[in-house]
C-alpha cells in the first residue's frame, strides 16, 4: 500500500517536472492556432514589412513594420542607456563597493525589480513625460525617448544581477594573479575580470533586452501609441506589445483584427524564445 | 606615460556614477509616490467602492480582486511548481530531457507578459469558455509565476546537504520518505521565499489580466470565480490613462497601495531568507 | 556462519575502475577491518554492500554479493538497508531532536506506537553508551551534542532499526582520542550482537578492534587475514610496506 502511494506520487512529480515544457508548447500552439491564418491571408512578408497598420479600416491593412520599428527604436534607446549603466553598476557592486554598501545596493536593485511596471509607467507619465516635453520643446512628451528611459530602468535589475553573478563566478585566482603582478585594481577589472566574465555579461545584456522588448504597460502609458513609421526618437511610437494590449479589448473574437493581434503575439514569442535560448547558451558556456 | 592610478580614479568615478544613476531614481520614485500618495490613504479610501466614475470613493474592490487573483494563482502554481522543483532537484538525471526542462523554464520566464495575456484569452476565456473571470486570470497568472516558484524552490531543495539524504536512505527509508521527512522540511523557508516572490510578481502584473479577468469598473465584489473582478494594477492603469480628470491624489494613492503591497511581500521574503540563513543548523 | 559472501566484485564509476575482482567472506559476529591508503576503494567497497553506491553517477557493478545466501540486488532495497546499518565518517545527525534522530528509521519502517518507540530509543541509546548523557534532553536538537556524542547518536540511530550488519566508514576520523576510545569500546561490545565491517585510515585502530583485517590497494584486495598475522607476518610485501610506513 505504501509502495503504491509512492509510485503515484513519483509519477505526479514526473508529470509536474514536465509541466514547463508542456506550458511553453501550449502557449505556442494556442498562439499559432489563433494567429497563423493571418500569415496566410495577408502573407508573411506583407505582414512583417507592410507599412500601414489600420486594423479597423475597410479593408483592414495589417502591416506591422511601424510596430516593429517602434519596438526596435524604444529597445535600442533603452539598451543604449541601460547597458553601460547596468554593467557599470554590476562592476561597482561586484568589485568595488564595501560589503555593507554592497548589501544595500543589492537590496535597492531588488526593490527596482519588484516595482510593478504599471507603477513605473504611471511615474513616468507624471514626471518624465512633462520633463521630456519641456526640455526638447515638443508638442507632447509621450515619445520613444521617454519610453526608452523608463524601460532602461526595467532592464537594469536584470542586467545588474546577472552581470554581477558572472563577475562573481570568475575564479578568485585570476584576480589575485593580476594584482600580484602589480596591476591596479582597475587594470585587473578591465583586462582580466571583464574578459573572463564576458559571456555571462553578454547573457545579462541579452536578457535585459529581452525584458525590454516584452515590456508592455509602461511602454503603452508613455510612448504615445502612434502606429506610424517613426522618424526620430522624439516622436510618439507604438510597440508590438502595446498594440496587443491596447487593441485586444476592442477586437471582436474571431475577427481578422483579433487574429492579427495573435500573429503579433507569435512574433513576440519567437523573438523572446530566440533571445532566451541564445542567452542560455552563453550562460552555459561559462560552466 | 599615463598614470594608471589616475585612470583608475576616473574609471571608479564613472562606475559610482552609474550606480547612483540607478539607485537615486529608485529612491526618488518611492519617495515621490509615498509623499504624494500618503495624503490619499485613509480608511474610506481602502474600504469604499469607487464612486463618480472612479473620480472619488475608494479602491476596495480592486484590492479584493487582486487578493483573489493572487490567491488563485498560487493555489494553482505552488503544487505544480513545488513538484517540478522536486523532480529537478531529486529525480532528474543529467540528460537531454533535463536540459529541455531547464530551457523551457528559462523560456517560460522570458515570455512577454502580454503574450501570457493572449494565451490566457485563447485557452481559458475562449477555448475552455471560462469567460473573462477570476478563474481565467488566476490560471494565467499562475502559469506566469511558475518559473519563479520552480527556480527558488529548487535552489532551496538543493541547499539541503546531500549527506542528510544518504543518512536517511542508509536507514532504509525510501526515496519519497527521505524527500518528505528530511528534504522538504528543511527547504520550507526557501520555498516560502519563492512563493512570496511569486505572489508579489502576480500582484503587480497588468498585461496578463487585461483580457482574462480585469473589469474596467465593477463597483461590487465578485461573487464567484466565474465573475470578472477589478484589480489594483489595472485600476491604476485605467485611472491614469483612460479616465480624464481624476484627482491626482487618487492616482498616487492607488499607486502607493499597489507599491506597498508588492514591496511588503518582497520584504517578507527577504526577512525569511535572512532569518533562515542565520538559524541554519548545518 | 557466513554473513556476507562477496565474489568477484567489480565496480566502475564511469571510466574509473574502483574495485577489481574483490572476493571475501565476512563471518557473523566478527569485526573485519578494512585498511589501505586513500583512493584504494575501501569506502566504495563499504557503500556497495548496502547499495549506497547505486546513488553515485554512472555506477556499474559486476560479480555477486550475498547476504546470508541471498543476492543483495534481489532484496527490497529498504529492507536491505534496514538489515545493513551504516555509520558515516563524520557525525551526521539529521536536523531533528535527539529522540527523533534515533526514532527516524523505525518510524520510516512503519512503527507508530509511542510506547514502543520510546522503548527502542532508550535501548538503542544505552547500547551506544549515550543514554546517561542525553536522557534528560531528548527533545533538544541533535546539533547541540559534542562531536563524539553525535557520532554515538548516529550509532544509536543505526542500532534502532535492528540491523544484522553495521558498516563503519572511518567513524573516528573527526573525533578526539577520548571520544575515539568510547566509540571503539562500543564497537567491541556490539560485536556480540552484530557483524561489523570497519573501514579505517587508522592502522592502530584496525589492530585494536579488528578480528580480521583486509588490506586494499588500488581497488584490489591484497590480503585478508587474522589481524595479528597481518600486523606481525603479512604475506604480501605491499601490506608490510603500508603498515610499516604507517607505523614509521
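A, B and C label the chains in the order they appear, each numbered from 1.
Everything below uses one rule, namely that a residue touches a chain if its C-beta (ideal position, glycine included) is under 8 Å from a C-beta of that chain, and two chains touch if they have at least 3 such contacts.
Since this is a predicted model, take the numbers as computed values, not measurements.
Relative to chain B, the most remote chain by averaged C-alpha coordinates is C. Here the chain at the heart of the structure, going by C-alpha means, is B. Chain C has its Cα centroid 48 Å from the Cα centroid of chain B. Inter-chain spacing, taken between the CA centroids of chain A and chain C, is 55 Å. The centroid of the Cα atoms in chain A and the matching centroid in chain B are 17 Å apart. Counting partner chains per residue, chain C shows two or more touched chains at no residue at all. Looking at chain A, residues 2 sit in touch with two or more other chains. Across the assembly, chain B contributes residues 174 that each touch 2 or more other chains. Residues of chain C that touch chain B in their complex: 50, 52, 55, 57, 78-82, 85-86, 88, 90, 92, 94-95, 104-105, 108-109, 141, 143, 154, 157-158, 161.
Those residues of chain A lying in contact with chain B across their complex are 2, 6, 9-10, 12-21, 23-24, 26-27, 30-31, 33-34, 84-89, 91-93, 96-97, 105, 107-112, 114-123, 125-127, 153, 156, 160, 184-187, 189-190, 207, 210, 213-217, 220-221, 241, 244-245, 248-249, 253, 261-262, 265, 268-269, 272-273, 275-277, 279-280. Residues of chain B that touch chain C in their complex: 94, 163-164, 166-174, 177, 181-182, 185-186, 281-282.
Residues of chain B touching chain A in their complex: 4-5, 7-8, 11-12, 14-19, 21-23, 25-27, 29-30, 32-33, 79-84, 86-88, 90-92, 100-101, 103-119, 121-123, 126-127, 143, 146-147, 150, 174-176, 200, 203-207, 210-211, 233-234, 236-237, 240-241, 248, 251, 255, 258-259, 262-263, 266, 270.
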